[in-house]
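Across the two complexes that follow, chain A remains constant while its partner is chain B and subsequently chain C.
And then the complex of A and B:
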């Protein structure tokens, strides 16, 4: 099961890097958002610290939506999704592979965006950058888990990207709030990110436990 | 000895009854070719034999495995070559076969994958993305999976489409070898002439029922 999941993720990441499709557009979009915000607010160092968590998570959300909108793009070609389902591997392995591929690309984008954000907004939080990234990873785990399930659900729809956003946004709103609060918590000296990180872990557990099951049910029906 | 047995297979899409109580038995090394008009249910029957969808009514056994509780095990023992090639355009033929092999839990060396690509006449293109391949080349690569997986059952939906005369000859020779090795084939075709080179049992699908001759189908 793990080998099949790894191979599906490998196929997606290799495909994306060869076509430079999701990665480059996600990066370009994230940079554009950051530059616009910087130009619009021109925040000083103190207000930038308050702005940064929300800004980071808005970037995570919108870039993830871009990536999720294309997560099954390769499968549309030559009916390859049918081919995946004709394999004897459990449906959960197919989900795991698609999720891992999307997760890796999203994390790669955020790993590049986080330092760029701190430079652009002149935020002196380099000593906790690993903690901020850790919080982002926790949030992205659940966000992409649920997102891949919803992307599978909407892949046959005509305006699937709109539908995906409509379904995903209300469901991940609590996770985003927890992510913003946890990020703000790790950035300030006397912050209390603990409860928010626990909440993120709960969301991750729930989303990642339900999503493979939901995916299996969806493709069987 | 019977290796494939379908009894009372019925299937409907919404209100439309596509298949009506089909029975089919096959022994090892046998090829059944399904003929019938467009929409007669040939592709639906092949898809159900692939276990892609659960059967609504009837029973299907392959080498003693029941599709009701062993769908994944049955899928492991068959290859379905449908109208779609199931190939990834950004991957090369070798990478596409490696992907297929990993999903089938087959242990394949790079050398074996390259030999297989060469065996279907694509050796020169082994490292080029398949996006640029012609329909005939894609068909050959799709059929390469049969050589790799050595399945018990091969399901073919219009396998001769997109193949030139050389390709048809190559395919028939490959399929004859497959049958000689004890494999079973269920094929849907519109082309009796091209199938003639294969030792086969024709079956005719008409209004969801299976007949042994065209005459009885038209009655």
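And then the complex of A and C:
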């Protein structure tokens, strides 16, 4: 089962890197979003520190949405989704593979966005960058778990991308709150990120348990 | 469906009478010494907030039942509960805003309950959008049911996180605004009558909507048959 999941994830990641379709568009989209934020808020050095967690998470959320819209696109275009489901592996493995592939790509993009945000907004938090990235990873685990399920749900829908955003954004409200607060918590010396990290863990656990179950219900005929 | 057709009219009549009696009680209830007349809007606000959540409960139960037993009736109830729930959520938010303007001095505050209610409203809209944008009936029913269950799991987390956020972040800006003040005896009967009337009203709306959904689905089946016969 793990092997099948690993194969699916590998196929997605390699395919994406070769075409470099999602990866580069997500990255440039992130830069565009950061420019928009800069133009909209014009933060000075002090307010940039305060704004950074929110800006970072909003950028993460928007870029993940882009990546999620493409999770099933290759299969959809080639009519290969049925083939994937007919393969003699459990449905959970198919989900796991799709999720892992999306997770890896999203993490790769976020690993580039994080230093980019700090440079563009002149925030000096390099000494805690590993902690901020840790918080991002925790958030992205649950975000992609729920997101891949919703992507599967909306793949056959009309105006798929809009619908995905409409469904995902309210559901990840707790994740966003916890992520922003935890990031702000690790950035200052006397912060309290503890409870927020717990909330992120709760969210991750719930969605990673729920999503494979929902996926296998969704695709059974 | 026959059962629904039979209870539709009695439910409607009871709801109407209940609302009339309830409103009469509301306008004869003593006014609040601080809030004055605007306290009366709470008799609409509180029951509709309860109904907004109650509709989600109904939606969750029928969604689980649909996934479990593949019962078409459960799916029809689930489809009917969504717009009714959305309507009650919108009434709750609107009446809360109207009350909030004179009482808090603002239409909107990012208070824990307001935020969760707003998220609930978006979730209801998402459910409606998802159902209407999937063409295959079986698929849309299944996807909506799964989303409803995910939402049911998510709503407590949303509420919990928002409460936490608001309390860790800053002390409540409006003392007692989000907590219902303890109600004196004289205000209780109208609230009870209004709550019961709203339950009947909600049930009536779900019944009407469910019958409409059932009729529309029958029509689609008939349409398909007719097209096949023409070929």
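Quick notes on this structure:
Keep this in mind: the second predicted complex is superposed on the first by the 217 of 221 C-alpha atoms of A that agree within 3 Å, B and C clash if a C-alpha of one lies under 4 Å from a C-alpha of the other, contacts with A are read in each partner's own complex, and residues count from 1 in each chain.
Rule of thumb we're sticking to: a contact is a pair of C-beta atoms (placed from the backbone, for glycine too) under 8 Å apart; a residue touches a chain by one contact, two chains touch by 3 or more.
Here the structure is a predicted model, which is why all the values come from computation and not from measurement.
Look at A:18: by the touch rule set out above, it reaches chain B but stays clear of chain C. Of the two partner chains, neither chain B nor chain C is touched by A:26. By the document's definition of touching, of the two partners only chain B reaches A:89; chain C does not. Once the two complexes are laid over each other on the shared chain, residue contacts for A:79 go to chain B alone; chain C is not touched. In the superposition on chain A, contact is made by A:169 with chain C only, not with chain B.
In the superposition on chain A, A:3 makes contact with chain B only, not with chain C. Applying the stated contact rule after C-alpha superposition, one finds that A:195 touches chain C and leaves chain B untouched.
In the superposition on the C-alpha atoms of chain A, no part of chain A is touched by chain B in one complex and by chain C in the other. Contact residues of chain A toward chain B in the complex are 3-4, 6-8, 11, 14-15, 18-19, 74, 77-80, 82-90, 220.
By the touch criterion stated above, chain A contacts chain C in their complex at residues 146, 149-150, 153-154, 156-159, 163, 166-167, 169-171, 173-174, 177-178, 181, 195, 199, 202-203, 206, 210, 214, 217-218. Touching chain A in their complex are the following residues of chain B: 50, 52, 54, 72-73, 75-76, 80, 82-91, 95, 98-100, 102-105, 129, 138.
For chain C in complex with chain A, the touching residues are 67, 115, 119, 122-123, 125-126, 129-130, 133-136, 139, 142-143, 146-147, 149-151, 153-154, 157-158, 160-162, 164-165, 168.
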